[in-house]
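In what follows, structures are represented as structure tokens.
Both complexes shown next keep subunit A, but they swap its partner, so subunit B is in the first and subunit C is in the second.
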Partner chain A sequence: MTFSRRARVLMGVAAAIALAFIYVPLAVVLVNSFNPSRVFSWPPQGLTLTWWAKAAQNDGVRSAVGTSVKAGLGATLIAMILGSMIAFAVVRYDWFGRTAISFLIILPIALPGIITGIALNSTITTVLQPLGISFGLLTVIIGHATFCIVLVFNNVAARLRRTGRVLEEASMDLGATSLQTFRLVTFPLIRSALIAGALLAFALSFDEIVVTTFTAGPDIQTLPQWIFNNLFRPNQAPIVNAVAAVLVLAFIIPVYLAQRLSEGGAGGRF
Partner chain B sequence: MTAQTLEGHRASAFFYRHPRVRLGGLLSAPMLWLFALYLGSLAVMLVSSFWTTDTFTGDLVKQGTLTNYQTLFSQAVYRTVALRTVGIALTVTVIDLILGAALAFFASKVVRSRRVRYALIIMITLPLWASYLVKGYAWRITLEQGGVLDWALKPLGLHGPGLGIPATVLALAYLWLPYMALPIYAGLERIPQSLLEASSDLGAPIARTLRSVVLPLVLPAIVAGSIFTFSLTLGDYIMVRIVGGSSQMFANIIYDNIGVAGNLPFAAAAAMFPITVVLLYLLLVRRSGALENL
Partner chain C sequence: MAGSESVDGAERGTLPADAVASSTDPGSAAPAIRLRGLRKEFGAVTAVDGVDLDVEDGEFLTLLGPSGSGKTTVLRMIAGFELPTSGLVELAGVDVSRKPPFDRDVNTVFQDYALFPHMSVQDNVEYGLRVRKVDRAQRSARAQEALATVRLSGYGTRRPNELSGGQRQRVALARALVNRPRVLLLDEPLGALDLKLREQMQLELKDIQREVGITFVFVTHDQEEALTMSDRIAVFNAGKIEQIGPPAQVYEKPATEFVAGFVGTSNLLSGDVARRVLGHDGTWSIRPEKITLSPSSPSAPTVPSPTSEVRFATGTIRDVVYLGDLTRFVVDLNGGGTLTAIEQNLDQSSADVLGLQGTNTTLEWQRKYEFRIA
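Now for the complex of A and B:
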């Protein structure tokens, strides 16, 4: 297929419009965070860093960030362990339930979050609470880990498919034990994929609100919950603006790193 | 050789000779999590959808009854909201299909420079990970009355749609666009250039090549993308609260029954609607090979 010069230019313009559609709203949020006005007004009458400073000192924001980081780290750790284990089982072994597992593992992100949320909520209320596990950080971590597993799985499985077994067999032939082979050969091979998956898992957990709403209970609040609770309060708007602007910028870092580590893969979610 | 490495070798040999044991070890913890916790939870939800709550105390009444489902089917309001939600999900999917296919096609088949292509893909991927709420908020300040869009359209004497269902469709299409564009891009990348050249050598115009060669090959990728755009829209209740004005989607019914009304069994019964629709869709498309494209 070859395109005329005119067709290429036209398509280029269309793609530019699509990209503008993607980035203009995010730019609006960034610019608006420097808006000195206390209530929303557009265009901004000046530029100020006041709200960024106020947001950084806000107790609600700080404790919510702490909770989100803890939940994200916990969920990521569980996802790294479980996701890698399934990746090895699916790529390296032939067994009857292989395709069924690939289906089951994507369910938590293919089904809407509200379903995972309610399912876990029912289980916590009817099964876990009588056992002494009630709503809190632990239940949030459990909920987040459930949908983070697939991200680690995808990255590690893709790497395992690409690398094959030759190096491991060579290592065993040269007299290394399974443990040594894993530590010196297999793990270094999958390390960057594992980190990429972990970064994406953390990013997803840090941003999640639906499953969080149904598993957090009244005592803890993650950052997305804080934002949502304050989104409709006019006097909090400038702080919400600043937090939103930070999030727009902050997400570029882990995703950029993950892209680099997974050699330009689509992001591991697919 | 020390005793320790000898032991290590014995263990290695044992595991090497018993791949089933290795497999069992690898699968134990993940299976426990996915089956006991995740599928178990879905099962608990299914069971609790047949329960009711005591109207006075709010306690769960753990007796099987079809009351919740009867209410869901008999009241017209639930049907209206369900249909509206499926309509929104379909519209969002179609918008994303058009925009996503155009972007992916441009990146994969029109751009010649590798670096530009890579930059484009990064630019499509990045917002996927920007905060969901921030994106919703961005659309709220863009679309609300006196917002950015109204300001931009003012010189033309026009004004934006304001908050409501159109704003919800727009914001949701915006949110899920990368989920559609990226699988299509990956699908297009897998089509060898020689196939396209063969098609035009045989005299096919571009439109014919697209229809008869490209489309059948990227169909699994399109279906994979549509799983996300459709299913995520079906279960969304937050975006409609941010940009939808007073409109409701089906998931709001689920949410309100858990939050405000404290009626978990009814919420669980209502949740069966999106689950059924999504599972039917997944089963329908499983044969197309779409699930390998996720």
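Now for the complex of A and C:
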């Protein structure tokens, strides 16, 4: 399709506005993390790494990062196992209620976080606490897993649908048992989709705050919670900027990889 | 095949004796494949409705039929991807009806090749040997030999997505042949190729089959392909075999109206028209290329004589279709009925034949080319 010069200029301007809309606030955070002034001022009065050094030494930040990483890894692990198992069941086998199940699996991502949060909170209070499981890391992991499963499920199910059954049939036809077929054909074909789903799941878990608030309890704090709690303290604001800047940079990588992996398809390099 | 129930029953009655006989005498005596009373139902749909079939060792058998006629389902039951609802699948005298695909000595070439996209060509071809724990040196040598058989030496390091359709097809063939199966099943393997390549691969497939001496069961809906390659053709319709025989027999002497219509084109004469033109009751088939046209001559007899070896019919040319090498004439017979005739364009141009539209003509054919099909 070809466009006139005028149309191309207009589209360029529209794209620039859209990108500015998304990325200018992120740039402000990044610039501010190097700004020696404690309060926001434009233009920046200089360039300093003070806030970055302080953020790196801050105990609250360190423990919050640790908690978030643990919660993210735990939720991602559960999501990888359950999500891919459900994807197999839904795509590869025909059974009563399978469309209903696949809808129920996807639902949590559309459900408002606050609803999920309240539901989990009362479940923990009324069911898990009497069983001896109280608010803490485990409940955060369970809470995050509810929506992380969706991401793994969606990625793996889409890949399974696209590759179809015929490669597995070819493998069995050539003499491979079911186990050999899974190891040599099925798993290599879904591996990149599984990793992409896991990366997205981890990213989603890492910045989640609503469900976390309802499931964490008073004893632990994830990084988003720490940021939220310190944002309005004047002394901490510049450190928050530095932490946020690190997170932005740290998250570009997994999201970029996840996108490459899901595009790569069955013939991809992974 | 009316009353398939009773056929089933009769077959079951004879089975134990057969099974004993064949199990005590495996090897050359038992056919490569023996199907008895094979049925497959998907829910309320009967895809395969009582198929009996023997395929001899080293034979090239084609299952020919329109889509949905059950031919692919039969192939999938031989491979083990589908289990029959009832009936028997025997390979070299051994009942494999309930065995999984990896316990059957057959290999399949799939319609869209089903090459493993994450493996090189060499790894694809070695796959069957690898899962059977053949040692590395031997499987590499055998894979290279198989690639040479399909004329793809030197392509081992490529990925399937770097090959053309025809090359992928050959890799799929090599991947199956490397296992030296007793039977090779081919599910419309040429369907995705363009016409020129398809014709070339038809001849190559036939050559390779002669070379390796393996039984080939080939599924296609293309009657020309079936006629070109097969030792025998089984024509499928609505889950049943309508006719089975060598290509010439299926083409020249179609056993049913369906076969006459599906394999090539055919003139069917029945009822009043058959009585008037042929002097017989029943439904009869005449191939269009057996009929010749000549300008209408009043001397030609119009009443069929039971003794004459040559038939005549007069009529008006309604349609002329110029096909390049051939011309097809559709002729409305005087007194009702239609016959189609095909002539080679030996020394006539399109202008010549198109000018014949609307003129009177006399059709002529040998009586021996009339076949009764009902």
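Points to keep in mind about this one:
In the analysis below, the second predicted complex is superposed on the first by the 259 of 270 C-alpha atoms of A that agree within 3 Å, B and C clash if a C-alpha of one lies under 4 Å from a C-alpha of the other, contacts with A are read in each partner's own complex, and residues count from 1 in each chain.
We take it that contacts are C-beta pairs under 8 Å (C-beta built on N, C-alpha and C of every residue); 3 or more make two chains touch, one makes a residue touch a chain.
Here the structure is a predicted model, which means the values were calculated and not measured.
In the model built by aligning both structures on subunit A, subunit B fits alongside subunit C without clashing.
Using the contact criterion defined above for the overlaid structures, shared-chain residue A:Val166 touches subunit C, although it does not reach subunit B.
Vertex at the C-alpha centre of subunit A, arms toward the centres of subunit B and subunit C: the angle is 90 degrees, rounded to a multiple of 10. Comparing subunit B with subunit C, more residues of subunit A are touched by B. In the overlay built on the shared chain, the residue A:Ile209 is in contact with subunit B alone; subunit C does not reach it.
In the superposition on chain A, A:Thr177 makes contact with both subunit B and subunit C. Legend: residue contacts after superposition of the two complexes on their common chain; A:Leu189 is shown touching subunit C, with no touch to subunit B.
When the shared chain is aligned, no partner comes close enough to touch A:Thr50: not subunit B, not subunit C. Per the superposed model, the minimal spacing between any CA atom of subunit B and any CA atom of subunit C is 6 Å. For the contact definition in use here, the residues of subunit A common to its subunit B contact set and its subunit C contact set are 172, 177, 180, 266-267. Those residues of subunit A lying in contact with subunit C across their complex are 166-167, 169-177, 180, 184-185, 188-189, 266-267. Only residues 79-81, 100-102, 106-108, 110, 112, 114-118, 127-128, 130-132, 159-161, 175-176, 179 of subunit C touch subunit A when the two sit together in their complex. Across the complex, subunit A is touched by residues 5, 8-9, 11-12, 15-16, 19, 22-23, 26-27, 29-30, 33-34, 37-42, 44-45, 48, 60, 99, 102-103, 105-107, 109-110, 118, 120-135, 137-142, 144, 146-148, 151, 174, 177-179, 182-183, 185-186, 196-197, 199-200, 206, 209, 224, 227-228, 231-232, 234-238, 242, 251, 254-255, 258, 264, 267-268, 271, 274-275, 278, 282, 286, 291-294 of subunit B.
Across the interface of their complex, subunit B is touched by residues 1-3, 8, 11-12, 14-15, 18-19, 21-26, 28-29, 32, 40-43, 78, 81-83, 85-86, 88-89, 93, 95, 101-108, 110-116, 118-123, 125-127, 142, 145-146, 149, 172, 177-180, 200, 203-204, 207, 209-210, 213-214, 224, 227-228, 231, 240, 244, 247-248, 251-252, 254-256, 259, 264, 266-267, 269-270 of subunit A.
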